[in-house]
Amino acid sequence: MIRKKVDTVAEALEGIQSGMTLMLGGFGLCGIPENLIKALAASSYKNFCCISANVGVDDFGLGLLFGTQKVKKMIGSYVGENQEFERQMLSAEIEVILTPMGTLAEKCRAAQMGIPAFYTPAGYGTEVAQTKEIREFNGKNHLLETAFASDFSLVKAWKGDEAGNLIFKGTARNFNPLMCGASKITVAEVEELVPVGSLDPNQIHTPGIFVDRIFQGDHYEKRIERRTVQNT
Amino acid sequence: MIRKKVDTVAEALEGIQSGMTLMLGGFGLCGIPENLIKALAASSYKNFCCISANVGVDDFGLGLLFGTQKVKKMIGSYVGENQEFERQMLSAEIEVILTPMGTLAEKCRAAQMGIPAFYTPAGYGTEVAQTKEIREFNGKNHLLETAFASDFSLVKAWKGDEAGNLIFKGTARNFNPLMCGASKITVAEVEELVPVGSLDPNQIHTPGIFVDRIFQGDHYEKRIERRTVQNT
Amino acid sequence: MALTKNQIAKRIAQELKSGDYVNLGIGIPTLVANYVPEGIEVEFQSENGILGMGPFPKAGEEDPDLINAGKQTITPLPGASYFDTALSFGMIRGKHIDLTVLGAMEVSDQGDIANWKIPGKLVKGMGGAMDLVASSENIIVAMMHTNPKGESKLRSACSLPLTGVRCVKRIVTNLAVLDITSDGFLVKEKAPATEISQIVKATEGSLIVPDYVPVMKLD
Amino acid sequence: MALTKNQIAKRIAQELKSGDYVNLGIGIPTLVANYVPEGIEVEFQSENGILGMGPFPKAGEEDPDLINAGKQTITPLPGASYFDTALSFGMIRGKHIDLTVLGAMEVSDQGDIANWKIPGKLVKGMGGAMDLVASSENIIVAMMHTNPKGESKLRSACSLPLTGVRCVKRIVTNLAVLDITSDGFLVKEKAPATEISQIVKATEGSLIVPDYVPVMKLD
């Protein structure tokens, strides 16, 4: 069995450098690699290009990287809900590339799976299509979209083992499994690192081959962005 | 909740017609829709185009469809191990299109996922590439491969519920999840049809939206093609 | 009397058919889930990765690992499933979602939709909207007939950056139900106590008004 | 004395490095799993959908739902996982597999490989071989140096339909270990009690023989 466990966040992030492209799992504040983001925000590295669905809120999630001005380019899909990000975007301190969410997900998967490019109808006829090749299949126009190329994937899972196998929980799964193995190095933090052999091979969402380093995170805050409850 | 349960194999196959294109899950004799194949073999329909990884053995699996001369075209990847199929192929009674196994899997997924086409390096420089568009990405040549178009997907799962949710077992998963929702109609037979709500939403391999009809199969033979044991 | 947002949602809920898988956008569309007619079995998908989405949780039962695409806490119904976002958009792109309901800033009389960007103002991003409108077979727009400035949102051409082209099938506004036809917006129903002249005045794009326009039934 | 098939497998097993994910083809390659050196931790993938493949089951413990790509019954090791065939080939295409070992009918001195089809004879299909050779960074071919007719399988150009082009890195035959270089087959090691002249005679393609060729170590 190939072991992927590292003991510290520092070890998990070894090799990271300013200017690198990072994929960050999570959707909003749900399923985000809290420990890794905090460590990046506290680090001396900067000028990252970040690929992530959203940008967190001002004081949590990916927002911690904007608050510490670590990001020079953001590739995402929906970037509301973070005022500091807004400010940096409007003042052109940060470059922003907006991508349809399904295309974003599939571009991550393509990188993971060695598919260099694929066609999708999303964005045809919009400004997203302006720089893209258009091609008709089955009477419908599609855009050519290419796989992302990135240096580090930072993801969060619910359970994992030392072989790097991951299981996600609920909608905290989101982009996380698609980013595993989609960068040169994939780091996974998990809420619970379990002994090898205790995960049912049939229930593993992401096989360990897609994960290079795994560690048990701590102090998970798991903040809720929009607590919404039934009227009673 | 949307219910997909049907009570009989006949109901499950309603609408099937001679000349249709069928996707059949399974790899060799592992994870094959035994009940559906038997019903097709016993039916009056014929001239099917079948998409499946392999062709079974003479008297079991997909072989039952060749034995009853139901197939006029076979799209597969590895077609050894079936003598009647060999005979029909060599005598040109049947048209055979051989496809790299990973490309076959991805063409199924593409159909399921609404990706009309994608690029893959598999087969570049070989006769598989002869009729394909070639394109370079990242200094490497790739073939353009398109999604399959088919009428019925016939798959087999381990457990399923009336909402059509499926869980597969071991390597019997193989092509089955990729074919769900990849045809106009998807029929799933399961070893165990469980009450809705008894499957953990986190462990479902194929959400019910990809399945149109589900039924509990019976008399599963689950024949082993190459029983191989340790020397002791 | 123009419809309230809840009444728009209620009217749209009448479009639901048993067996429909439905994706509801943020805003008025979200309210549609509250008005599923008796005896109609549908399942709601949220594009971040759940099928079989149920009501909001009871206070104290919120799970941070269970949210919808609007980042609200949710609950699963029996038969629900969770999946990654690529599979989720596979459901959308692969035309497995039967009905998409979303809001819009503008819709053209050819069915183009603009709902993601106002140049010069803050851009929040398209999220899943471009994927949804590019692939859904049945798209209903839920919106007010005019914007806060009183300008028509039903136009001969969208003035804002597009989300998708020739994709909207039907619009339900506070004033009317309209279908997109080759000749423009066809008035199918009007809101209670609403004059056709109000609808005409509030519509900038080509409008077809049949001789008889029934009043929406909301109860 | 030329190597047996088991000895070829044993020599190839020396190429395994700790941390390698390995895909073994049918035939001699399958035997490699029997010779993993002490202290080397590798995991075997089978492309139908398992990572962490272990030994064949004990008699009576065969599970029809657990087979490898050669359709043989197998067992999982601790840390194993099962997945669909698209994810499996994603591992291969995405270059997550570190080493691929497969058999061949012919290899050219530029690293082309032919291993799936003999025109006019029965065609069994390429299975996963074309995906594997198109994407693997490190491909070792395990084969006899000559075919049953005594013809060289190491050729200036493959006469049979190709499986992939310029992809093979190393060949281990019953006579030698050879690397593919820009100048052709470079003899790296020879089998015990084998003369260089035998290797020269059995090789049709460009062959580079260094002044000193060490003898393979097999124990």
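Per-chain numbering from 1; labels A, B, C and D assigned in written order.
The rule is simple: a contact is a pair of C-beta atoms (placed from the backbone, for glycine too) under 8 Å apart; a residue touches a chain by one contact, two chains touch by 3 or more.
Predicted, not measured: the structure shown is a model, and the values here were computed from it.
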Per Cα centroids, the chain farthest from subunit C: D
Whole-Å separation of chain centres (CA-atom averages), subunit A against subunit C: 29
Inter-centroid spacing, subunit B versus subunit A (mean Cα positions, whole Å): 32
Rounded Å distance between subunit B and subunit C, as computed from the means of their C-alpha atoms: 36
Contacts with two or more other chains, residues of subunit A listed in rising order: 106, 109, 113-115, 120-121, 168-170, 201-202
Of all residues in subunit D, the ones touching two or more other chains: 50, 82-83, 86, 89, 92-93, 135
Topology of the chain contact graph, where touching chains are joined (line, ring, star, complete, other): other
Touching pairs among all chains present in the structure: A-B, A-C, A-D, B-C, B-D
Subunit A to subunit B touching residues, read off their complex: 106, 110, 113-121, 135, 137-138, 140, 142, 146, 167-170, 201-203
In the complex with subunit A, residue positions of subunit C that touch it: 46-50, 55-59, 61-74, 82-86, 88-89, 92-93, 112, 122-131, 134-135, 161-166
Touching residues (chain side subunit C, partner subunit B) in the complex: 18-21, 41-43, 45, 50-52, 76-83, 86-87, 89-97, 135
Contacting residues of subunit A [partner subunit D, same complex]: 1-3, 109, 111-115, 161-163, 165, 181, 196-197, 201-202, 204, 207-210
Residue ranges of subunit B in contact with subunit D within the complex: 27-31, 53, 76-81, 86, 89-90, 96, 98, 100-106, 108-109, 120-128, 158, 168-178, 205, 222-230, 232
